[in-house]
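Heads up, there are several structures right after this.
Below, subunit A partners subunit B and then partners subunit C, in two separate complexes.
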Partner chain A sequence: MAPSLLYNPAKLPPSAALQLAQQAPIVLQQSLSGTETVDQWATYENLLLSCLRTGDDEAAAKCMDRLEERFGADNERVMALRGLLSEAQAENNGELEAVLKQYDAILEGNNTNIPITKRRIALLRSMGRVSDAASALVQFLDFSPTDAEAWSELSDLYFSQGLYSQAIYALEEVLLLSPNAWNIHARLGELQYMAATTSGNGGGSQQKYLAEALKRFARSIELCDDYLRGYYGLKLVTTRLLKEQAKQAKTDEGEFTLPEPRTIQRLDELATAKLSEIVRHSSLKDRGWRGYDEREVAAARELLSQNGIER
Partner chain B sequence: MAQVPVQTIHRDPQLFYWILFPITIVMILTGVLRHYASVLMQSAPKKLDQKSIREQRSLLHGINVRSNFHTLSKKSFATRRDALVTAFESGAYLKDPERAGGGQPNPLSDPSSMEGMMGMMKNQMAMIIPNTLIMSWINAFFSGYVIMKLPFPLTIKFKSMLQAGVMTKDMDPRWMSSISWYFLCIFGLQSVFNFLLGSDNAASQMAQQMGGMGGAPAQMFGPGVDPDKQFKAEAENLAVIEHYSVLDNVEDRLLEGISV
Partner chain C sequence: MTWISKTITVFGGLLLAHACYSAQEHAALQSFKAAATSTLTSSTPAASSLPVDIAIETIVATLITVLGLVLGTRPLRPIQWRVWAGKIEREGEEGFLGNNGEVEKDYMGNPFSYLESRPSFVDIRKQRKEFSQWVKNGGSQGKN
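Now for the complex of A and B:
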């Protein structure tokens, strides 16, 4: 699928972002006259983001000017984009500090400006002041606890610090807001799996994490039965459980328990079969199997070959 | 049986041009005017301060935990429940905690709710004033005329509606008076306004009436609702949840449901 300027380009691979940014001259050539269309301003915003990613600050500034002209410089979203632009144009740490001061000044006047609050947190994080970012984020979530984006950012922050249980807590909040997000279920499974690997060998807590990871991956596949990451995680967990031949350790009341070894075996077979199917089809570029990320498919292929499974 | 003779009334064709058209045009013009007037009068939605955002979103958070608890394990649900119930009952999320339990706040004393009411008043006024004016204008100038004959037959029940202002007992209900044409215009011009002003215009009164009734306020705490009570109720709702998890037996469901 060709990348479109109508969707947020944050998650696009670099080549697609470049492709989008190269549309800038065409889009910017069109004059502003005439009627507004629904997609027009979304286009400008996404073009701005793509141009910043590819280093075309000039075109980005032009997009910014148009957005500012239309919505006014005191629009919260425009303010955040303006801040993003000056962050990108800052050349050294001192200028970034200046941008940060600007954010602080804005928030002093209006402490409910959510886009600016988020930009400030992102800037703190990118400047390496992770603990400041985390505390600012916690403060933000105190008055806006229904913001899924912020919760997942917090989870990612904690995860980068190695604080698994806090990261898991934050991600569970995301699930409370969107209970059927299979990628979040799988991500939570990944976090639980990593927590299990670091929590020392044996013992109840490790098994508790593994059991929940298994269930999270299974749930994510249940919600989306082609989800590569879900199968990958399931395969990882089951392989490990089968290797360890873990005995059912004593668990607290109210925690998940491991399923029967036979069930684990069958889950393992299911994950292997599905993974090799996905790998086979997407390396042949079959119709209907094209959406997978190449790196993820490569990782899956490697996992399969590690386990000595012939495709 | 003798046929009822078809009633014919000889009307001056000028009636058509001097009554029917003016009324229609005036109605359309006032509709357009009302649309732009209400666009002008619209005040920007009031900004909430941080405290009230916190109050509203915390309650929303509680509702989310209550409705999606099944994604959590029992233990993590229990921790959240305990924390939320304690906070809700102690009023930790309230905008001004000292007013908790003080009963219903007087909606008239709260300036923010006054503003909302003023907005509603303005809308109502924009609707009532032009209608009153036009109706008295029509009554003063055009009352008592029969201006047109509808091209389809009607039962006698329509007489009072269509021949308002014309006191003639035996006249066929198909004959229409000017004031009735005015009423027809009020209800029938909706699609004309949609065409002229776009679909979300403020000219059509039907839309306004619907909005007045069904438009649940975007703010969760309308005037006269005690947030403390809502928090207490939510705490109770949370406390009575019997936990189950969607992860219970998910692997069995998966193995049954999926085949490669």
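Now for the complex of A and C:
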């Protein structure tokens, strides 16, 4: 299925990005004289992003010129795109520093320029100055605490540093802002599961993380029927919980409540049944089951075969 | 499917137009009659209601038009959050085809996926590197 230029291409695989960038000549051929349509400028912006990604700087510059012509060079969004363009074309660290200085200069004039603030943080992170990026992001969230995207970025930043509890906290903030986001519930569950597997001190905190992760995955499934990612996580957590219960007697800490072993057992069975149903339908390419990512289905199949379950 | 609904709608519209025309003709005839009689006798014109067949035709025509329009609407969408979300995950674009067989314009997949892709914080240099790596590796199947 052809990707659309109307949506941001950040999450697309390289093949789709290439497909989008190849539309550049057609889109750029159309003259600007006609009447404006709703989608026109979104198309230019996304084309610009795709072209930058595939290294087609010429077409990207053309898109940039058109956007600048229409919205003016002092539009905040256009400024951020212009910055992105120079970031992409910078060849060495010196040039990146120059771009960073430019951002600083812009922010000195107007420190409420949100797109540029975000670009500056992204650039800092990209240059490997993670702690600077984190402190800048925290500062940004101080004056714009309802920005779910920024909280999510902060979570990812902490996660990349192995700071699980901070990452979990930031992602919980995201959930406060968009409580229906099923993918974020699953993501939080994944973080908690990872925190549980890496926390060396064992016992209490590990169990707590696992109990939390169980809840998160269950919530993501509650929000979204047949959510492969949610069931995958649920399966992982229940398998681990059942294994640990076999090892040690039930330790009741009082701070958190782990569900009854019977409930966990049933959740495990449910996850197994759902996963094998999804894997079966997807590999047969049944109608109405073709929306899943193939890699995710392959991972689910592997998980099932690890657990010795025949499809 | 669409041509059936279109035919029914057009047929209903024709019937409705016919009913309107009949009513108009009837009214014209009545007023002509009234004018003709009032010159002879100055009595009040007879209160004339619309013939019942015109009324029935109007109602039937409206019903048929409505039927045609209802048949031509696009498939209804789930109103429960989890069903709708599940449809996005399970069926992807295929679940959101309009009558013309194309993906509906307002379909955008999971509306919360931007919280994970975070377009404002995109690391364009990393993306470029990954892309050129992908091209070097043959370009047909890449990761990420």
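Note that in this section the second predicted complex is superposed on the first by the 297 of 311 C-alpha atoms of A that agree within 3 Å, B and C clash if a C-alpha of one lies under 4 Å from a C-alpha of the other, contacts with A are read in each partner's own complex, and residues count from 1 in each chain.
Criterion: contacts are C-beta pairs under 8 Å (C-beta built on N, C-alpha and C of every residue); 3 or more make two chains touch, one makes a residue touch a chain.
What you see is a predicted model, and the numbers here were worked out from it, not measured in a lab.
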Original post:
So, on subunit A, is it clash or fit between subunit B and subunit C?
Top reply: fit
Subject >> Touched partner set for A:E149, first subunit B, second subunit C, both or neither >> reply: second
Subject >> subunit A-centred angle between subunit C and subunit B, computed on Cα centres after superposition, in steps of 10 ° >> reply: 50
Original post:
Does the superposition put A:A218 against subunit B (first), subunit C (second), both, or neither?
Top reply: first
Original post:
A:D57 contacts which: subunit B (first), subunit C (second), both, neither?
Top reply: neither
Original post:
Which partner reaches more residues of subunit A, subunit B or subunit C?
Top reply: C
**OP:** Tell me which partner A:Y227 touches in the superposition: subunit B (first), subunit C (second), both or neither.
**Re:** second
Original post:
So, A:P179: does it touch subunit B (first), subunit C (second), both, or neither?
Top reply: first
Subject >> Lowest inter-chain C-alpha distance for subunit C and subunit B in the superposed arrangement, angstrom >> reply: 9
**OP:** List the residues of subunit A that touch subunit B in one complex and subunit C in the other.
**Re:** 222, 225
**OP:** Would you tell me which residues of subunit C are touching subunit A in their complex?
**Re:** 81-83, 85-95, 103, 108-110, 112-128, 130-132, 134-135, 139-140, 142, 144
Original post:
For the complex, which residues does subunit A have touching subunit C?
Top reply: 1, 4, 7-8, 10-11, 13-15, 17-18, 49, 52-55, 80, 84, 87-88, 90, 115, 118-119, 121-122, 125-126, 148-150, 152-153, 156, 174, 178, 180-184, 187, 222-228, 287-292
Original post:
Where on subunit A does subunit B make contact in their complex?
Top reply: 110-112, 142-146, 169, 172, 175-177, 179, 185, 212, 214-216, 218-219, 221-222, 225, 252-256, 259, 263, 266-267, 270, 273-274, 277
Original post:
Which subunit B residues qualify as touching subunit A in the complex?
Top reply: 47-51, 53-54, 57-58, 60-61, 64-65, 68-76, 78, 245-247, 250-255, 257-258, 260
